[in-house]
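The following pair of complexes shares a single chain, chain A, combined with chain B in the former and chain C in the latter.
Entry: the complex of A and B
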């Protein structure tokens, strides 16, 4: 079973896509959940500020989402472009 | 100097035994060490109680030890296995069996340490509740052992079923995948079940009058935390009992291995995440027993959302198991199913843990002020939805790999 060079490269790119997106999803998931938890705690203490706190939570989560999106971009590049 | 097939099988059994005992020793030791540390702390607070605290610590540690003993039993059996007449595929059954039991004991051992640790703390602050505390500790720690028992069941089946007549390809991957699936999935559920067991034990020492409500909440919370391990066991059974002989060996083997990894890895996150939520719920019921209704409801909503990534993992496993792939030995064709399984598996860990933490804080606040329930549930769900996004990206990438590439 000979492996062609081009096939090897393609296989590595596809395996890379899986690994990049899989591992890349861990951090944002945990981080965003923690942010949501702390926002619940803060809103529970001070319900009047619910709007402000929800906005802050979403902004913070959007930033921590970024590495997940980088992973997605890299995975899609590996699948469709490289 | 040729190596006989039987010799390979025997070698695989020894490696399997080593994996089983090596991994299996991690959890129990950590859990027992944590329990011992907390017992020392508790004794330092009130040295007159050293007798009952030490006794309780030893009982708790004995339960945590059982996960390690399961691993020892499987490893011992595998050392003295009779490989006569076995073919190479039996060796992979031994490797799978060792991985299942070894990995499966990690979470249960660690998780059982939590109730033992909190019982020491509870005894130091309220020695009169000793009986009730020990009972709750034992119930909680016993539930923690369930995932290790799931793993042991699969390990026994793999060890004692005769696979020698099966084709090596792709059966070897199914057997390894079965071990990985149940073993990895048991890690999250074992740790997760330990958390409510711990907080409910401490809670009963603070509010002995509400013991039955606290215990009920703990049982519900830890039962839900077991779900990911059950998904792992279901996939393991499918890998062991579905007949894949009519499928092309290449690249089906990669799909079977990917199926085991997808559910096994993705179950780790929801198991631990559900544990965080249940921890706060039991603590909340202990603080405010009247609010046990809203607390339990919010806990269940939060836990359900946190389960979603293991369901994605299970979905990808089912696709990998039951959608036949075209025969091909090309490296690209067998990389794809393996990559899809790894992608969804790892991708399920983070959102599961994060969403569980989000729900834990929401439950904590609802316990203090049940009137905020609607507002807090909404914020929790919005936050969890955002935390879910990377799990969905992983699902998308897995599906793209399987159906588009």
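Entry: the complex of A and C
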């Protein structure tokens, strides 16, 4: 059995999905960790505001997560649509 | 694993066009709407000074969001408070619906989240025009220079895309991870914990983020 053009397209799409997800997860990982670290520092300095800080941190992290979500959507499109 | 590519649909031929409805999304949205209507009736039917269970739940919801909305919106735009809390309740119930067996999340479908994103976008701009007047609203687009107008318009439109894709991607990603891992471990031990994390925790946070962003968009337009 030979490898045809359609197989190559499928293989390239799956590989592209893996690359998109792997590279796209770096940015949100670094960003969310940075936000969590800063929130830890702030809570250590000011423990009374822990509730407000945690809420703000979670909202900010969820917003900075969106680039990772875009790469997830791109990966899903590559796997299931191409 | 076949549930991902197999989307149940109703098709309806009308006047030469073929309308396609995602039946599962529609039915689950109706389930959520029905649950919210029942909750609304139960929590407001017999209002008393010493509240019952349903009234307590409703009061907790309202008081939890009252402070947030009062911080973000000024006196004239306090009327968007019911909208904001309704969006929260709908999105939250939609996100956690997947933990019940036999039900699935309506927010797993991009159509639902895109609908909510467009709703928030239109209401934010309507509120902006109502508060500032059309001239002042239109002048915001040529800040700081007139040739920045295309960038400002694209920036506004990308808010809709980002808010709806964020909710969709989180819920769909959680669903896929639950499905794949359940398949790998033959549905032993792990799925309840995954459901608790992706359904309850991520679902609650994403519903809160979606609501806060809608509120922030309204607040930015009306400032």
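Please note the rule applied: the second predicted complex is superposed on the first by the 79 of 82 C-alpha atoms of A that agree within 3 Å, B and C clash if a C-alpha of one lies under 4 Å from a C-alpha of the other, contacts with A are read in each partner's own complex, and residues count from 1 in each chain.
Keep in mind that, in the parts below, contacts are C-beta pairs under 8 Å (C-beta built on N, C-alpha and C of every residue); 3 or more make two chains touch, one makes a residue touch a chain.
These numbers were taken from a predicted model, which means no experiment stands behind them.
Peer 1: Under the superposition described at the top, does placing chain B and chain C together on chain A give a clash or a fit?
Peer 2: After superposition on chain A, chain B vs chain C: fit, no clash.
Peer 1: Touching A:30 in the superposition: chain B (first), chain C (second), both, neither?
Peer 2: Only chain B is touched by A:30; chain C is not.
Peer 1: Name the contact category of A:10: first (chain B only), second (chain C only), both, or neither.
Peer 2: A:10 contacts chain B only, not chain C.
Peer 1: Is A:63 in contact with chain B, with chain C, with both, or with neither (first, second, both, neither)?
Peer 2: Touch partner of A:63: chain C, not chain B.
Peer 1: Which one hits more chain A residues, chain B or chain C?
Peer 2: Of the two chains, more chain A residues are contacted by B.
Peer 1: Between the centres of chain B and chain C, viewed from chain A's Cα centre, what angle do you get? Round it to the nearest 10 degrees, please.
Peer 2: In the superposed arrangement it comes to 160 degrees.
Peer 1: Scan A:22 for contacts with chain B and chain C and give back first, second, both or neither.
Peer 2: Only chain B is touched by A:22; chain C is not.
Peer 1: Considering only touches as defined above, state whether A:40 meets chain B (first), chain C (second), both or neither.
Peer 2: first
Peer 1: Between chain B and chain C, once the two complexes are placed on the common chain, what is the minimum CA to CA distance in Å?
Peer 2: After superposing on chain A, chain B and chain C come no closer than 5 Å at C-alpha.
Peer 1: Across the two complexes, find the residues of chain A that touch chain B and also touch chain C.
Peer 2: The answer is residues 58, 62, 65, 69, 72, 76 of chain A.
Peer 1: Going by the contact rule set out above, which residues of chain A touch chain B in the complex?
Peer 2: Per the touch definition, chain A meets chain B at residues 1, 3, 7-8, 10-12, 14-15, 17-19, 21-41, 43-45, 47, 50, 53-54, 57-58, 61-62, 65, 68-69, 71-72, 75-76, 79.
Peer 1: Which residues of chain B touch chain A once you look at their complex with the stated criterion?
Peer 2: Of all residues in chain B, those touching chain A are 265, 269, 273, 309, 329-332, 335-336, 338-362, 364-366, 368-369, 372, 375-376, 379-380, 382-384, 386-391, 393-394, 396-398, 400-401, 404-405.
Peer 1: Which residues of chain C touch chain A in their complex?
Peer 2: Chain C reaches chain A through residues 4-5, 162, 165-166, 168-170, 172-173, 176, 205-206, 208-209, 212-213.
Peer 1: So in the complex, the part of chain A that touches chain C is made up of which residues?
Peer 2: 58-59, 62-63, 65-66, 69-70, 72-73, 76, 80
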